[in-house]
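Worksheet for the structure shown next.
Chains: A, B, C, D, E and F, in written order; residue numbering restarts at 1 for each.
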Amino acid sequence: MKLLYLLPGNVEIGLGLDEMERRRGILQKYAAAGTEVLIDYVRSGPASIESEYEELIASVETIQRIVEAEKQGIDGVIIGCYGDPGLDGAREMVKIPVIGPGAASAYMAAMLSHRFSIVTITESIVPALENLILKNGLDRKLASVRATNVSVLDIHRDPDAARRRALEEAALARDQDRADCIVLGCMSLAFTEANFAMAETLGIPVVNPAIASLKMLEAVAASGLSHSKKAFQTPPKFLNH
Amino acid sequence: MKLLYLLPGNVEIGLGLDEMERRRGILQKYAAAGTEVLIDYVRSGPASIESEYEELIASVETIQRIVEAEKQGIDGVIIGCYGDPGLDGAREMVKIPVIGPGAASAYMAAMLSHRFSIVTITESIVPALENLILKNGLDRKLASVRATNVSVLDIHRDPDAARRRALEEAALARDQDRADCIVLGCMSLAFTEANFAMAETLGIPVVNPAIASLKMLEAVAASGLSHSKKAFQTPPKFLNH
Amino acid sequence: MKLLYLLPGNVEIGLGLDEMERRRGILQKYAAAGTEVLIDYVRSGPASIESEYEELIASVETIQRIVEAEKQGIDGVIIGCYGDPGLDGAREMVKIPVIGPGAASAYMAAMLSHRFSIVTITESIVPALENLILKNGLDRKLASVRATNVSVLDIHRDPDAARRRALEEAALARDQDRADCIVLGCMSLAFTEANFAMAETLGIPVVNPAIASLKMLEAVAASGLSHSKKAFQTPPKFLNH
Amino acid sequence: MKLLYLLPGNVEIGLGLDEMERRRGILQKYAAAGTEVLIDYVRSGPASIESEYEELIASVETIQRIVEAEKQGIDGVIIGCYGDPGLDGAREMVKIPVIGPGAASAYMAAMLSHRFSIVTITESIVPALENLILKNGLDRKLASVRATNVSVLDIHRDPDAARRRALEEAALARDQDRADCIVLGCMSLAFTEANFAMAETLGIPVVNPAIASLKMLEAVAASGLSHSKKAFQTPPKFLNH
Amino acid sequence: MKLLYLLPGNVEIGLGLDEMERRRGILQKYAAAGTEVLIDYVRSGPASIESEYEELIASVETIQRIVEAEKQGIDGVIIGCYGDPGLDGAREMVKIPVIGPGAASAYMAAMLSHRFSIVTITESIVPALENLILKNGLDRKLASVRATNVSVLDIHRDPDAARRRALEEAALARDQDRADCIVLGCMSLAFTEANFAMAETLGIPVVNPAIASLKMLEAVAASGLSHSKKAFQTPPKFLNH
Amino acid sequence: MKLLYLLPGNVEIGLGLDEMERRRGILQKYAAAGTEVLIDYVRSGPASIESEYEELIASVETIQRIVEAEKQGIDGVIIGCYGDPGLDGAREMVKIPVIGPGAASAYMAAMLSHRFSIVTITESIVPALENLILKNGLDRKLASVRATNVSVLDIHRDPDAARRRALEEAALARDQDRADCIVLGCMSLAFTEANFAMAETLGIPVVNPAIASLKMLEAVAASGLSHSKKAFQTPPKFLNH
């Protein structure tokens, strides 16, 4: 099975190509035998995504790249941004499974917990993430969304500080918001693999959205499933294309 | 007060410039004394919007045009598509009020009814509209979303047929889904001004989203209000721009 | 357009006729060109309303006055008490639009925010206001209802102290309850026009229910709408009257 | 224990004094040993209650009579109208338990079922009853509210026809709305004691709100309980009375 | 009327037979004239129940004993554990009313309050109790579930300490979680009759689930009602037994 | 990785050992490379499970077998009954992941759809399945639960008829309840592998809970996760065991 992990940002001006390749390596490490992980990025995307506007900048080319990927025989796609930019639109345009890390990690957390919290980056994205959980029907399982106020690019400059702040907010989510499971709400945080040490320290599961979306996509594909084309209908004017 | 009604589609390949000017005239007719209605469209947008993908195609330039409009002294903007494409992203980028017809007409309907239904165009947009209502917190007030399965461009080819189908679905919403108020869920339907005859026939209010968004924007502006910049924060990297 | 702002309390033993006239002036100041604001009060009402019982005392004569107003050619009515006493009953008895400031300001706030709080007067009215928001379908958008514990009549004795307390509770709503928009939950507070300075200080929108209900009524009327007579049916035994 | 069943309508122009006495007899028949049932009515109330407006007409004197009843040593009061007019206001003004048949029968039904329906009289009261269930927190347990469109006074003219229509709607609630329990949503229907034959025919429980409110009041009183005076606070200006 | 209060634990290794007899005495004291309270226990049950696993250990024999009780002419059964172990299964197997203290006390509290909290024993049972409230449709009325972290057997060793801790948590529920009514969430706590002193101290109602379930069962039985056999169907293979 | 699929019924008097071995083979066929699927059953369980009572009969030994499995080095367990009997109790007693097909398939369906329906066996289990979805926080994503009224043992006698009835109900769910995804709500149905032909015919995804629970368990285990021990606490008296 060939999976594409598609970063909806312009890696050249943002994370850098080495970081992209490092992320591919991590995903390949967790992939099942027989899964080949490809990685790519969206040239017109922003350097980082910390708002709805930046999600929108990325989303059209993201979808077009997913349409191409389907034509090229890719078996499934992960949109490599926690806010799932362009997910519904992409599902309208293709039949292969497209997974968003925000939804995939939320379902994983819900399945393992009574109530979970998301620890994300800047305050600016909190309402959008609450809306994402709401749209996925999991609002009653959500204890809180907390922000570290460490930006995406600061995570790369000082990953240790980012991990420390994430741990602090996760502890508050557990102790004040009564969360019994944490989701890392940012892919840059996810690719620090901070979740393992956090889970050890906190004594509760910490879901890594990079790994969760990979394993959920494998689960969907191995089950012979994809998203519903009745829910995500191809727009009428694209039906004959 | 100067308001911009911004169509997120490419009017040149879609509705045509005459239709756009006709719409401006209708809005100006309902505007309060002192309100000047300007109208414009998004060149990179699609011919019509009947899916989430098409909403996304339109949204980035829509937002950029709204940013410009604010710089040019426009007092408020209506995004001229029922699905409110780019609304949250636009609110992140400007301080002037930006109104979406989907949200504005839903709040208007909720204020006047016990339970309302939306009559929209194609099935392909129904889940997106249910999600829009959910995000705006009004899911408990929504009786149903019904589709006429008359496309945007067919409304222009045969507006009478479109009105007949809308009336049929609205009657079913009233009688089977127990709606006591109807919202026209498409701007092309709205600008047929079908709502007045429908309300007469059905005996229940029919909310026109074009008029509702105009009057809601005037109400917001006259109250000295705009959207919350704590809810719709300017993305950190745009703060110094 | 002629609007009646009807105070459901006995102004003679409460606020005084001068205060009533001052309120009319404020409303007229915010009214659209062509809107004439009339004001009146309910003789059998209480001196102030801080409970459900006092709402009920006011409500029957309130409705009867609205029935008369419709016969006299008034185009729309605002019930001048934040708790919307008698709103549904009045809507049953007339066809002209009747607006309650509680509902109107809540829909205004919901349209501009991710989550809003209400800052009201005494604790005694908090459950009733939570129920009002629930009935209007906006409970998921409500962050909290907070009470200043400054009574209606104390607002008139010392409006500065009332404004200070309102600001304190609004700041707590923003910082502890995560509200990004505030509604003033009392008409006496509203007519201090405290909202403008509060919004300046807090950096988030503050909705004034007096202005919001005026503008919402104008918006409804200018749209050719009124409440649904299927939702608010005239009681059978009044149908022939 | 002395209980007052207080009819919020003017029995003299409505049901008649004989019918009132007959109802007292039915309640006394179901009362526990040691319970004495008193009955009375509200002179300023309407002949029957089929709307929110008519509920309001009745509610102020209803509350004042309950205040008197408390002073006279009555141990608890049932407001004898299914829509619970004045319930919250009465609870503000007294410490003795005050029970509404709408709430009491809904909690009884919820305790015995997976999902229940209400069979009431005219369409005009349906939204108000849905709001009553919502306020009591039971909306998720409610399958539907159905109206027989037989008015209160028609029940007295032809109780057999009223019972037949109630049975028809209850069967539809069971078969189409998936209700597994029915509540009679009108006190005049309740005092036909139609519930027993209906339950026999339908094979599901049918809750009689007259009996349910009597037994719930006895249960509350025997438990040494009453409503919360923190939830239903005495209005500040009545605290020294 | 003969009621059985059935303890789903092994009293011989847990509370002791004297304590069981003492509990019967308390129930008989609150019973209506004509009610005879029998008490018994489940031999295969655990010494105490502080988890879902322990609820399951108790539940099968609990149900079998209720089936026998029905055959022996018992008129109704209370399952003597706050978590209502085996309640739905028991209702499937018998026609006589079976009441769980968790559900009965929650409906009692909801009927008397705006919002209630449960004060229970160990943290280990909190998610299960939140799920119990959810299943009964009352999640919107629930302010919080708080644990004293005093175990069932410690309540018996030092009931005064248990009562003190319960009072502390109840005060926090009132002051921090905005509860206006408390439910004791443990039968061992209930049978200390701590509720009366707590209510006195806190100024809000405190519902005792032992008394509430007794009075609710009497109310159900006296109304000629039982649970719905459409909601709680006898399993097909037991239909001929 | 070694997984145990544990049937909570007595296979010897129910499905038969051959059928059990056949099921193991199907699971092994869908398992990832490196996954070894073991299968076993609960001797004290019933022949089939079509009610809450039968779930309870099975649950205690189910949990005890899972405790043993953990001691024997099994890496994860699937409880082989759609209603997830004993799931929460088992999670309290072990640290290895325990997955229920009901929850796992519901999260899979929610991730791929806008709204899904469950097609199950007898009416007797419908309320329990609605409660299962509610507990997992997915009630807003659930369109309906429909029953074929073909019992578990009849599926084995005539699997073709069972498949036909499932297809009929699934088509009704799609067309009348607006489901865009179906979950097979019974393991015996699941092991007919009816889902593939149904999906083909219906044009919407059909989730097989046997495959879904296998792939979800693999996903959880490969992510280094298990259920939260803060949500599913080991009962205090078992902590030292």
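In this section, a contact is a pair of C-beta atoms (placed from the backbone, for glycine too) under 8 Å apart; a residue touches a chain by one contact, two chains touch by 3 or more.
Just so it is clear, the structure is predicted and the values come from calculations on it, not from any experiment.
Across the assembly, the mean Cα position most removed from that of subunit F is the one of C.
Over half of the residue numbers found at the subunit B and subunit C interface occur in both copies, marking it as a same-residue contact. More inter-chain C-beta contacts link the pair A-F than the other of A-F and A-B. Centroids built from CA atoms put subunit F at 44 Å from subunit D. Averaged C-alpha coordinates put the centre of subunit A at 30 Å from the centre of subunit B.
Centre-to-centre spacing of subunit D and subunit E amounts to 27 Å, using the average Cα coordinate of each chain.
Shown for subunit F are the residues that touch two or more other chains, namely 114, 127, 139-140, 180, 231-232. Those residues of subunit C that touch subunit B in the shared complex are 30, 32-34, 97, 99, 103-104, 107-108, 110-115, 136-141, 174, 180-181, 196, 203-205, 207-208, 211-212, 215-216, 218-220, 222-232. If you check the complex, the residues on subunit D that touch subunit C are 46-48, 50-57, 59-60, 63, 86, 88-90, 92-93, 122-124, 127-128, 131, 134-135, 151, 231-238.
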